[in-house]
Amino acid sequence: MGHSQLGATIVSATTAIDEAVRDGMTLMVGGFGLVGAPLTLIRALNASDRKDLTIISNNLGEPGKGLGETLRLGKVRRAIGSFFTSNPEVAEARDRGDLDVTLLPQGTLSEAMRAGGAGLGGFYTPTGVGTLLAEGKEVRELNGKRYVFQEPIRSDVALVRAHRADRLGNLVYYKTARNFNPMMATAADVVIAEVDAVVDVGQIDPEAVVTPHLFVDFLVIAEDTL
Amino acid sequence: MNEKELIASRAAALLQPGWVVNLGIGIPTLVTRFVDRNAFCFQTENGLLGVGPPPPADRVDPNLVDAGKRPVTEQPGAAFFDSATSFAMIRGGHVDAVILGALQVDECGRIANWAIPGEPVLGVGGAMDLMSGARNIIVVMTHTAKDGTPKLVRECTLPLTSLRPVTWVVTELATFAVDGNGLILRSCAPGVSKETILARTAARCRDGEGLDQT
Amino acid sequence: MNEKELIASRAAALLQPGWVVNLGIGIPTLVTRFVDRNAFCFQTENGLLGVGPPPPADRVDPNLVDAGKRPVTEQPGAAFFDSATSFAMIRGGHVDAVILGALQVDECGRIANWAIPGEPVLGVGGAMDLMSGARNIIVVMTHTAKDGTPKLVRECTLPLTSLRPVTWVVTELATFAVDGNGLILRSCAPGVSKETILARTAARCRDGEGLDQT
Amino acid sequence: MGHSQLGATIVSATTAIDEAVRDGMTLMVGGFGLVGAPLTLIRALNASDRKDLTIISNNLGEPGKGLGETLRLGKVRRAIGSFFTSNPEVAEARDRGDLDVTLLPQGTLSEAMRAGGAGLGGFYTPTGVGTLLAEGKEVRELNGKRYVFQEPIRSDVALVRAHRADRLGNLVYYKTARNFNPMMATAADVVIAEVDAVVDVGQIDPEAVVTPHLFVDFLVIAEDTL
């Protein structure tokens, strides 16, 4: 998203979803299960009328929780992730024909997001060679070892969860709530970061910034937490 | 010691001090009970090197969990990182060992542990990445399924997790090493005869040198 | 204002407030003199977002430099990162503009700026990455070489830096925009006639709408 | 390198070079010019009798300084980097036939190191397509855009420069001296980190560790600084 001024814009979760998300879009949503998931933004998404979404996220929450509720509301057309087993309703929705599911190994999923954010055309990973998940994919031998080709993954919007932001949009994360969020923040046209607090510029150590501010468009203060 | 603890304790004995170890869900998490935590460093693929023991109930931090989503703590000298960095470590061969469960092991030492029979295939997590990158792979599992069906089989009927064979297979009855020619029976659990093991093993295996009971 | 400052000031006018900008070596570094530093954020590919002005001589930190290895400072809200992360930003389209020098520009708007004629080709640095990833590319250069040879040419005789055309070409005489059909003369510097510009330009170019002198 | 115990080993620069480096090896050496170069380790390398080395580094120092001295001493058979122009003696050595030079765009060089450390088989980058530096390389169109294939880069030994280490080997860096060092620390069989200070375990914020300790084998206290 173009910036008309330096610094991320602080908005409500409802405004962020209204402004950024459209029917049919592809959304990245952070979190390993509910840990590190942007629960306030997901609630605003669930309360909106947005539908027909492709969700890229490690999981689809738990039944009725987080993205699990998004699924229940029928807003998700397609899910791309690594572990949907924690929500049995994913299998049900797929069996009903309401949901298309793409499964990737977790390391391939996270690396594909990084590649998407880094302007790469794809990469070769040894993970999954010769398994069901490599079926139909290009396999290539390089220096005597076999690898699967993986394309980069990008999205229209990323909903990420961080710990603190400064007013420019620099982000730091909290413990294992970091997980997929930093890669997602690089791989979307619009990035909305839900944070516990927004601090003054200069309050985050420049050596410890995980997501530099140029990746972040909107900041939303977290209301829902684990 | 119950059966699972027995398996975990036998797997623990295979770890070399100084190793960085990733533990899967289930029996693998019991391994920490049988090692000196200060001699090892535990990695969890959701982004922590230096996983400490579970906290007391009143000190649980919901944002500090392992890959099984159970509350953990961080050891002094820990480091947090994102998932891409975590799997770069794993694929890149920087994790010395992974200990994980399996549903089946074939006679080449290849495992099936991600797709459950009769259930939709909707979760793989980090299993394939760990199988592709960990320097040593230790499988821990009960020797047979609950109905007595051998888990060490000639050929896996379930989908393979990787074409790469594991390093060790540890059950409550035996420990197998794996080399280029397949499974080698390395040791029998105390009071377990070789005949008992072979009777419950469908995979062909060779006797290791100096086969002992430990 | 000398010739280089004139070019830098004209390039500065193309920047939009809020942009993240990477500055090459030479004339590009002069651009900061003509902008409100608070309205922009400068990135340097050796690992800093939030480059501040050079420090006074007695406060130089030899470990805080830009890509030209000149001492700089860090702005409040800066971030340091490694080279792979820096180029991920650049290639991934997260840097709004790069301002860089060129030895030649062809009539498609493609540039040659890394291999110097008659010298061994031993340095490319980040030029090709910046050309592939920056959202806008602004070339700043003197309109002709010291001997009067045009730098805006039909075809580069020097090796191209990228197949991607730049966005703008700014010289002391003129500013050119680039579209899918090539160079467009957008503005002439004060007191410079269109005829003067064309006489010193070997590349074919079209007149922009409302061609003015600014 | 195998670890027989947790924690990196603190040794002298001379011991580190003696133990880890052999004739004919490939070495990664950190630094953007002399900034972030492990000057103490380079001095020990220069004082050693090791020779016939392949050096992977952005530059080869300046004439007679850092890796520039290593070159003068005739220890370098091959150099892989992005900008050797800052040391004219590189061109001279190449013209004499004493040095083989491989030039990569800086972003491709740093990404190839990361890929080497991350177990990838290679990646596609848009950088350099259609230029001299892509000659002889595989070019592939992916989603309508052309990319150059780049293989991962690894080395036998990495000599890196960090700011502080804890006794386990966790590393943090200092300002723009970070540059190539973190990737190199992931992409070598043996990693030797030269640091300003070694602190107790627990003195580095787990959220701010840049190079986790599992990558680091030896620690050396810096004696030569800029």
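As written, the chains take the letters A, B, C and D, and residue 1 is the first residue of each chain.
To be clear about the criterion, a residue touches a chain if its C-beta (ideal position, glycine included) is under 8 Å from a C-beta of that chain, and two chains touch if they have at least 3 such contacts.
From a predicted model like this one, the values you see are computed outputs, not experimental measurements.
Student: Looking at the contacts, which chains touch chain C and chain D alike?
Tutor: A
Student: Centroid of chain A to centroid of chain B, CA atoms only: how many Å?
Tutor: 29
Student: Measure off the straight-line distance from the CA centroid of chain A to the CA centroid of chain D, and report it in whole Å.
Tutor: It comes to 33 Å between the two C-alpha centres.
Student: Where the centres are mean C-alpha positions, what is the separation of chain B from chain C, in Å?
Tutor: Centres of chain B and chain C (C-alpha means) sit 55 Å apart.
Student: Between chain B and chain D, what's the gap in Å when you average each chain's C-alpha atoms?
Tutor: 34
Student: Give the residues of chain A touching no fewer than two other chains, as numbers and ranges.
Tutor: 111, 114, 118-120, 125-126, 173-175, 207, 210
Student: Where in chain B do residues touch two or more of the other chains?
Tutor: 74, 80-81, 87-88, 90-91, 132-133
Student: Please classify the inter-chain touch graph. Allowed labels: line, ring, star, complete, other.
Tutor: Graph shape, chains as nodes and touching pairs as edges: none of the named types, so other.
Student: Pairs of chains that touch, anyone?
Tutor: A-B, A-C, A-D, B-D, C-D
Student: Quick check on the complex: what are the chain C residues that touch chain A?
Tutor: 16-20, 38-41, 43, 49-50, 74, 76-81, 87-96, 132-133
Student: Which residues of chain B touch chain A in their complex?
Tutor: Touch list, chain B to chain A: 44-48, 61-67, 69, 74, 80-84, 86-88, 90-91, 115, 119-129, 131-133, 159-163.
Student: Could you list, by residue number, the parts of chain A that touch chain C in their complex?
Tutor: Touch list, chain A to chain C: 2-6, 114, 116-120, 166-168, 170, 186-187, 201-202, 204, 206-207, 209, 212-215.
Student: In their complex, what parts of chain A are in touch with chain B?
Tutor: Residues 32-33, 35-36, 58, 82-86, 90-91, 94-95, 101, 103-111, 113-114, 125-133, 173-183, 210, 226 of chain A touch chain B in their complex.
Student: Residues of chain D touching chain A in their complex?
Tutor: For this pair, the touching residues of chain D are 111, 115, 118-126, 140, 142-143, 145, 147, 151, 172-175, 205, 207-208, 210.
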